[in-house]
Amino acid sequence: MHVISDTWFIAAQSSALRAKPLAVTIQGRPLVLFRSASGQATALTDRCPHRNVPLSMGVVRNGELECAYHGWRFDSAGTCVAVPGLVDGTVSLKSRCAETWATHEADGFVWVHSTPSVVPIAPPYVFSHVNDPAYTTVRRRFEVEASVHSVVENTLDVPHTAFLHGGLFRKAEKKNVIEVVVRRHPTFAEAEFIGEPRPTGLIGRLLAPRGGVVEHTDRFLLPSIAQVEYRLGEASHLLSTSVLTPISATRTVVYAVVTFRLPLPAWLVKPFVMPVAQRIFSQDAAVLSRQAEQFERFGGEKFTSTELDVLGPYVAKLLKQAASKEPAPEGVHEHRLKMKV
Amino acid sequence: MHVISDTWFIAAQSSALRAKPLAVTIQGRPLVLFRSASGQATALTDRCPHRNVPLSMGVVRNGELECAYHGWRFDSAGTCVAVPGLVDGTVSLKSRCAETWATHEADGFVWVHSTPSVVPIAPPYVFSHVNDPAYTTVRRRFEVEASVHSVVENTLDVPHTAFLHGGLFRKAEKKNVIEVVVRRHPTFAEAEFIGEPRPTGLIGRLLAPRGGVVEHTDRFLLPSIAQVEYRLGEASHLLSTSVLTPISATRTVVYAVVTFRLPLPAWLVKPFVMPVAQRIFSQDAAVLSRQAEQFERFGGEKFTSTELDVLGPYVAKLLKQAASKEPAPEGVHEHRLKMKV
Amino acid sequence: MHVISDTWFIAAQSSALRAKPLAVTIQGRPLVLFRSASGQATALTDRCPHRNVPLSMGVVRNGELECAYHGWRFDSAGTCVAVPGLVDGTVSLKSRCAETWATHEADGFVWVHSTPSVVPIAPPYVFSHVNDPAYTTVRRRFEVEASVHSVVENTLDVPHTAFLHGGLFRKAEKKNVIEVVVRRHPTFAEAEFIGEPRPTGLIGRLLAPRGGVVEHTDRFLLPSIAQVEYRLGEASHLLSTSVLTPISATRTVVYAVVTFRLPLPAWLVKPFVMPVAQRIFSQDAAVLSRQAEQFERFGGEKFTSTELDVLGPYVAKLLKQAASKEPAPEGVHEHRLKMKV
């Protein structure tokens, strides 16, 4: 797969990393996560330097990770601190170290840096409003058999909603012409939808009970964040941020963080919205895995885009730029188009 | 796989193609079949030009095929006739067309031409006697994990019947020496068995209750038709035509059409013959899939033939000639041999 | 896989080869075993020369193997002795012979030579004490998803026992320093453990109820024999010989022959030892299959050894030497080390 270096991906929810070591795969690299004695999340390459067994088969003892096969132990710096049975010589030789990956834990997620053995300069993405008491936040973890590119494009794509999710929140018979402003920045791209009517159907009625014009912006932020933002006057604000972790070229984990402030109480909204959101996700996951199969069957992808594919082509370009370490183009490119919704 | 172009294969039984689109694979190419408003069978490459999702996931609306993902619609010429949401520009651009494959529907089968985007000159094979009221016709569809070559050779092979199907219609102890005349024509080959006794066992008694000498001819017709013909005087005539569709190099669909006129009424014969035919087919399918596995395990095939393999080597040559587009050799080659049955 | 030629592997237990032909795979080569009329074990390549069907699908008739497809028959020399239906010409042509592999049956095992079509000079390995009435012998057959190298190293490795099999026969807290003498001979390697205390735990108490110093030697003998020998004075002697058959590069069959003479009666020892041995084997099999997966995930192995890996590196060198047909180095290399157990 095309590996993106010098960036951060979410490796796990904080709550999933407890006393046992946790095996995760990011960009094809098997890692093991564990907590040091002080509780700090640690990530090592999931391979014992001795006989290559996964360290995640082992146990954590006093904040050190012990291999299940011969009992070698590693501290949070990856240093080998025990070779049971050894009488002569130093234990902590460099050749016995496990490869380390920088971690950063915040707001319920353990992030791992995508380049091993470095001290990262910049911290990972910070979620907005998740600590604001006026907002309610819902988190979900999904797995999809598709590339990051396909999942991001799907998440930020407006026209498919009327068909794949027909009746759930947009309809096939399109009556309204809206304007879309698309901006390509050096490391992100966004589309602003102007004049979009209040969504019809169940979701629309819950989101904006008194009607009104929707402010709607979709964003893709490198390396793998898809964001959908809706505002409806002062009262309603919804920000859905999907942070994607590429497991392999065709498998992606989605960490979805939906933060909202609505005129209705959250306990009233959630029981209606959650099953619908789950059904939408299942429909998207199904079409995306079939799409990934098609690339396999036909020996690659062969897309024909229209101007309605407002962000997809930019997502592809930004991902390619990040994987190839090309310098980001300077300045902002903007164009406008009309779309029937 | 070795693709044969400019020919016809059966894609489906007519009865299998109804209101829903139907996914089929021929020579490794995924196709979608659907019926236009007039009921005409249509075949397109099973990939939406937009985001490559299988069109077979979609629905047929007024004889047009609508993609499940974004609702693009295609008519029976593969032309894109709808891009929902698009405001500016022409819908039916050439880059948005789906690749088409010519179809021909006759006698209960939908045939598809093996080269896309062409208007074929010659029609497909026509079945004999299927519309003759004096004949009864039985149709069956089977799938086998083997190449077209292996299935054809098996279907037209006489010596294996005494062993693989021991007791069902020929016996291991051979008492009769018969003569075989083998003829290789430019696009087909046939073997005529002279002096063959009335088959023993159950099938024999049903086929020729009064005994007599059998006229028996086996034929292979390019690209993939295996035919077995038996006559017994004026009263009995049986023509079994297996039209094979190569799904992949190691998977074949068999459309078997058995047409017969017998001294016994068909309703009396069928309950006895059908279970035996099913058992014979199961035994053949089992040995053929094991044979295909062997090619995989040993890195290819390595055959030793005897003169008893009367048609197999010609089948291989004809298939190779068709795949390589070599000109067919002129004239007819004939040779004779003796065989104990 | 790296094939070792001119040697012997166990193909099956004698008791597994009865009236039916038996399919086995050795170093990736599919073979069929059957018994001739005199009961002699015969091994042929498991592919009919005619249409390549596995001969193991067939039946044995009067000590000859009959192919299931067309009834060709082969004798114990691989000669084709029947082509049913053939009228003209000789049956037993050279091109119709099946490839043969020399066999040797002794002490309950059928061995097959690893080079086809040769008459071997040397016989296979002979088990010690299996026919001595003072000894009890237990035999077991296991399959492991790992290479011969990994299984042998695991079988002869001392330090892992305290961790992977923690509490079963060695403990993680190591108190005793012992000396190890390692000798590399031209076609085998061995490690002698001097000063090892009586094993603790259940096995220890059964093996040496009166305590004492253990004489313990581990050996690897080409091509694939791992041997563990324990003595405790005159009364106790245990010899565990694992003869490994490489099925493929990542699958190994272990034929374990444990022969022992103890101060306790065998009927008293076996009910205690067998479940423990089974549990140890399961733990080893689990870690070895995970290790084999790691080689796949990381694109190969990358080991860091310490002097505690007393035999593993020699096993690798001896296997490499055997596969590459390099001449064995002359003389004996010896070194000593200390180990905490």
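Going in written order, the chains are labelled A, B and C, and every chain counts its residues from 1.
Note that a contact is a pair of C-beta atoms (placed from the backbone, for glycine too) under 8 Å apart; a residue touches a chain by one contact, two chains touch by 3 or more.
Just so you know, these numbers come straight off a predicted model, no measurement behind them.
A.B. asks: Using just the Cα atoms, superpose subunit A onto subunit B and tell me the rotation angle to the nearest 5°.
C.D. replies: 120
A.B. asks: Examine where the copies subunit B and subunit C touch and state whether the two sides share over half of their residue numbers (same) or under half (different).
C.D. replies: Interface between subunit B and subunit C is built from largely different residues.
A.B. asks: Between subunit B and subunit C, what's the gap in Å when you average each chain's C-alpha atoms?
C.D. replies: Averaging C-alpha atoms per chain gives centres 49 Å apart.
A.B. asks: Going by the touch rule set out above, which residues of subunit B reach two or more other chains?
C.D. replies: none
A.B. asks: Considering the complex alone, what residue numbers of subunit B touch subunit C?
C.D. replies: Subunit B reaches subunit C through residues 157-160, 162-164, 172, 174, 177, 287, 290-291, 294-295, 297-298, 301-308, 337-341.
A.B. asks: What part of subunit B is in contact with subunit A in the complex they form?
C.D. replies: So the residues of subunit B touching subunit A come out as 30, 47, 49-54, 57, 66-71, 83-89, 95-96.
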